[in-house]
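In the part that follows, the structures are each spelled out as C-alpha cells.
In the two complexes below, chain A is the common chain; its partner is chain B in one and chain C in the other.
Let's look at the complex of A and B:
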C-alpha cells in the first residue's frame, strides 16, 4: 500500500527529471554540436518523426493495436496546412489547427470501423486506408495538386505565416512539438485511460470482464494518438515547403512511424525517442551516402539494421537495459498464461 | 475432518434468475434449457463432468457468450444479451478457469484497473485496490509483477480484481485447479470469508470435496442439462448424479439404497 505510492512517485520524479535533462541537452545541441545545415536538417526531421511516433505509441504501444496507417494523420496535417496556404492563401497556423481537428475526426470515423478488428486485421486495415488516402490525394488534382504535389509559396521571413528564413527556428519548433508529444504520452500513461489501454493490449476479454469499455477506450486512444501525427505533418510541410501524396500517405512513411517505435521499444515512453534518434539520422545518412551505388543500397542497409536490432531484442532497444516484459504485442488472449504449475510444485515441496 | 459446511442457506429474494438458458454453438447444444436462481447471500456450487456446460453457463451469465435463448436477470435488470463489460459494471464479477491476469503489470495495477471502471478517479481506484488487498491480506504483494507470482497467489489476485468491481455476484471458475491441498484450503478459507460477509457467490468446481465444504446448494449439469439440484449431501446420493460421474454400473452399486 505504502510501497506502491512511493514507487509511482519515484518513477514520476525520475521520468520528470530525466526528461527535463534531455530537453535541455537537445536544446543546447545547436550551440556545440550542430555545425552544418545537413546536421541541423537531420536533427529537425528526427524530432518531427519522433513526435509522430510518440503519438503512434499511445494506441499501438500502450493499447497494443498496431497501426500501419498513422501516416494518415501525418498526411492530413501536412495537406491541411499546405492547402490552406498554397491554394487559399490562408494562415498556416489555422491550417495546423484545422489539421489536428480533421485528424481527430478521421481517427474517430476510421476507428469506429477498424477498431472492431483485432490484431493483424486492424494493422492491415490501417495500412490499406493510408494507401487509399494516397490514391485519393493523387486523383483529385485540381484540389490537391495531384501526384505532382504542393509547393508552398516562398515567403522569406514571415513568422505570422509560419515562415522562417533561419532554419534553426524550425529545429526549436520541432523540439517543442516532440516535447509536447512526450509529455502527452506521459500523461496518458499515468491516467486511467493509459491503464485501461495497457490492459486491453494484454487481454481484451479479461479487461472487459473487469468492466473496461474496450472499444471506447481504444477509440479514445486512437483519437489522442492522431494529434501529434497531424502536428508533425504540419511542421514537416512548413519546414520542407513541399508535400506529395507519397511523402504524406505513402507506405514508407506509414511503416517508418511504426518501425521507429518498434526499434526503440513499443509501449515504452522513451521507445520512440530512442528509435527516432537512431533511425532517422541513419536513414538520412544512408540516403546521402549510399543511395546511388547501387540504387537502393541505402534501403537495404537500413532494413538490415532494423532487422538485427529486432532480432537481438524483439521488444526494442529500451528492453536491452532492463530485460523486463512490457507489452506483449502478439500474444492472443486465448493462448495466454500456460499454468506455472512448477511454482506450485516447488511450494509443495518446500512445505513438506 | 471437514469443517461443518456453511451456515444455513439464506432464503432471501433471488439475486440472480436464469430462465430457460440455452446456448448453441453451431449444431452443439452446450447448455439446454437450464433454469435456476441464486438467493442473496447464497453460495451455490455447480458441478458436472467435463463438457457438461458449466463454464458455458458461466460465460452466458457474465456476458462473454450470448445466450441462444433464455433470460438472465440480476436483481431488477436483465443482463442477458449485454456485453461483458456492461454486465461487469452491473455487478457480476468473475475469475477465469485458467488465470488471466494482466501479466506485465503489478498486483496493484491489476486490481486498480478493475476498480478504475467503477471508481470516479484513478486515485479513488487505487484506494479501493488497497482496501481489497487489505481484505484478502495481500498488501505485501502489491508491488510484485503478477507474472512472477506462484499460481496460488495469482488466483488470489484474480479474486481481488473481481472484488474491486464491488460485485453483487461473484463467479469463481475452478479456482482450485493446479493448487495443492494447502493452497486449496487457503482459497476455500477466502471464499468462505467472503460468503460470511454476505456476498453471493457461484462456484464451479471439479473437486467435489470443495463443493461439499463450500456450498449451501449444488446444481449438477450433464450434457448441458440440469439433472439435479439441492443440498450437497442429498445431491451426492442422487443415482443420476452418481451415474453421470461414475457410470451407470457404479450408480447401481453405490446409489441410493432402496
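Let's look at the complex of A and C:
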C-alpha cells in the first residue's frame, strides 16, 4: 500500500517500465554480481534458453497450442550456423539468417499439417518431429557430423565470424536476444494477432464464430514463434562451439523449452523469464557437481522441483500472485485481516 | 526374398501386439482425461524393470511375474492419479484447459523422475531376463522365437480381457459412456472422479503388463521409455485418439512398419518410418484408421 501512488512504483508496475528496469539490472550484473566464468556461463545460457522459451510462449502460451518440439527450431538454427561455418567455410551471420529462414519454413510446413486439427495433434507431432530430426542428423553423418557432433573451428577473436575471445560479449549478445524476444512477445501480445491467438486458445469455435481465421492465426503465431528459437540455437552453438543431435533436437531440450515457460507461467509475458531464471541455473549448478552424485541425480532434483511447483500452482509461478485475493475471499470473515498487506497475502497464496 | 518379407512381417506383428497393449492404455487414459500421459513409456520401463528384478532377485519367471507387476502398476497408477494428476482439478478458479496443460507437464515431470530415478538406482547398463523361453520354432523357413510368440499371445489375451471388460462390465460401460459424453455420463449418475481413477490405473496396469512380457526378449535400460513413448504416440493417433480397439490394431501396424523400415532401409531409421506413417495419417485420416466403422470404447 505504501508506494501505490509513488511514481517509481507506478513505473515499475507497467510492463514497459518494469522491463526497462530489469534490462538495466541484468545488463549491470557483470559489474557487481558475475565474478567467475562459471556464473557468467550460467547467466549466458539462462538468457539463451529464456529467448527460446519466450518464442515458445507466442504459439503455445498465447495461442494455447502446446509445442513439445521447439527444439526443432533451436536445432535448425544451431546446425545451420555450425554447418555453414564448419563444413562449408561460410560466414556465421549468414548461417544465422539461413537458420531463421529454414526454421520459419519448417514451422509453416509443420503447421500446415497439424494446425487444422485439435491442439493435441500439434503437441504429439512436434514432439515426434524433433526426435526424427535427432535421428536424421545422427544418421546422415557425412552431412551433419553424425552422433559425434560438430565442433566449430577455433577462430580466436574475429567479430566478423561471430567469434569473440571475451565471453562477456556473448553475455550481452544473449541479453540482446532475450530482450528482443521479450519485446517481440510483448508486441504480439498487444497486437491484433495476439488478441486473436488468445481467443483461439480459450475457445476456438467461439473465436471462429467471431470471424477469427483460426488456422491462419495459429500458422502466423507458429512462424513468429520459431524465430527466437532459431536465433537462440545459433547463438548457443557459437557460444559453446559444439553441437550434437541430442543437444540440438533431443527430448530433454524439447521439453525444457516448454517446461521453463510452464513453471513461470505459460501465456504470461514474464512467465518464461521467471522460469528460465529459476530452472536453467538450477540445472547448471547440479550438472557442474555431477561427479559428486550418481548419474541421473541432477534430473531427479530438476523433476522434483518442477513437480512441486506445478503441484502447488499448475498455471505457473506468475499465477501465485493472482491467487492471493482468492485466498482472502474463501477465508472466513473473522480469519481474514481487514487490510492484509501484499506480502502476507502472497505468502498465504504460496502456502495453499 | 519372400522368406525375409514374411519373417519381417511376423516379427513386426509379434512385437506390435505389445505396442498395441501399452498404447491401448495410453488411449484409454486420453479418452477419459483428455490428457496425454507423457510418462507412459517410462511405465513400460518400470514394468520391464519389475520383471527383471523379480527374476534376478527371486528367480521368478516373467510369466509368473505378470501378477505382482500388474498389481504393482495398478496401485502405482492409482497413486499417481490421486496425488499428482487429480491435483490440478482441485485448484479453485482454474480453467479446464489450464488444468489439462498442468497435468501434461506433471506427467512429463513424472517421466523425467522415473527414468532418472532408475538411472540413479540401477545405472545405465542394459539388463535382461536370461534363459527364459529360449526356444525357436521353424515354420517353413520362418523363425519364430518362443519368447516373442508367448509375449504376443499374452498381450492378445490381456487385450481381449480388457475389451470384454469394457463391453460387458458396469465399470466398462461407465468408462465408455464417459468417453462418449462426459457431461451426459455425469448426469445419469456416473461418478467422473471414480471413472478417471479406474481408467488411469487400468491404463498404467496394461503398460506394466506389456513391459513385463516385453522383458522376456528385450533388454531394458532406464531410458528405453522414450522410444516407447514415441511408438505409443504414433499408435494412438493411427488408431484414433480414445479408440481402444483402434490402438491395438494400429499397434500391430506400427510394429510391421517399424520392422520393414529397419530391414529394408536402415536399422537406426526405424522410427523415421513410423513418423512418415504418422504424418500420412495426420493428413489423410486424422480420425484414425478404423474410424470408418462406429468406434467402440
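The definition used in the following text is that the second predicted complex is superposed on the first by the 307 of 352 C-alpha atoms of A that agree within 3 Å, B and C clash if a C-alpha of one lies under 4 Å from a C-alpha of the other, contacts with A are read in each partner's own complex, and residues count from 1 in each chain.
Throughout what follows, a contact is a pair of C-beta atoms (placed from the backbone, for glycine too) under 8 Å apart; a residue touches a chain by one contact, two chains touch by 3 or more.
Because the structure is a prediction, the values reported are computed rather than measured.
Residue contacts after overlaying the shared chain place A:314 against chain C, while chain B stays out of touching range.
Applying the stated contact rule after C-alpha superposition, one finds that A:192 touches chain B and leaves chain C untouched. By the touch criterion defined above, A:202 lies against chain B and chain C together after alignment on the C-alpha atoms of chain A.
Of the two partner chains, chain C is the only one that A:135 touches; chain B does not reach it.
When the two complexes are overlaid on their common chain A, residue A:212 makes contact with chain B while staying clear of chain C. Touch criterion not met for A:25: it reaches neither chain B nor chain C.
Once the two complexes are laid over each other on the shared chain, residue contacts for A:168 go to neither chain B nor chain C. Residues 202, 326 of chain A contact both chain B in one complex and chain C in the other. By the touch rule above, chain C contacts chain A in their complex via residues 30, 34, 36, 38, 84, 87-88, 91-95, 97-99, 101-106, 108-110, 112-113, 115-120, 123-124, 222, 226, 230, 233-234, 237, 241, 266, 268-269, 271-272, 275, 278-279, 282-283, 286. Residues 1, 3-5, 7, 191-192, 195-196, 198-199, 202-203, 205-214, 324-328, 333, 336-337, 339-341, 343-344, 346-348, 351 of chain A touch chain B in their complex. Put simply, chain B touches chain A in their complex at residues 62, 64, 83-85, 88-89, 93-94, 96, 98-106, 108-109, 112-114, 116-118, 121-122, 125-126, 130, 133-134, 139, 142-143, 145, 147, 149-152, 154, 161, 164-165, 178-180, 182-183. For chain A in complex with chain C, the touching residues are 64, 66, 113-114, 117, 120-121, 123-125, 127-129, 131-132, 135-136, 138-139, 201-202, 251, 255, 258-259, 262, 266, 294-300, 302-304, 306-307, 310-311, 313-315, 323, 326, 330.
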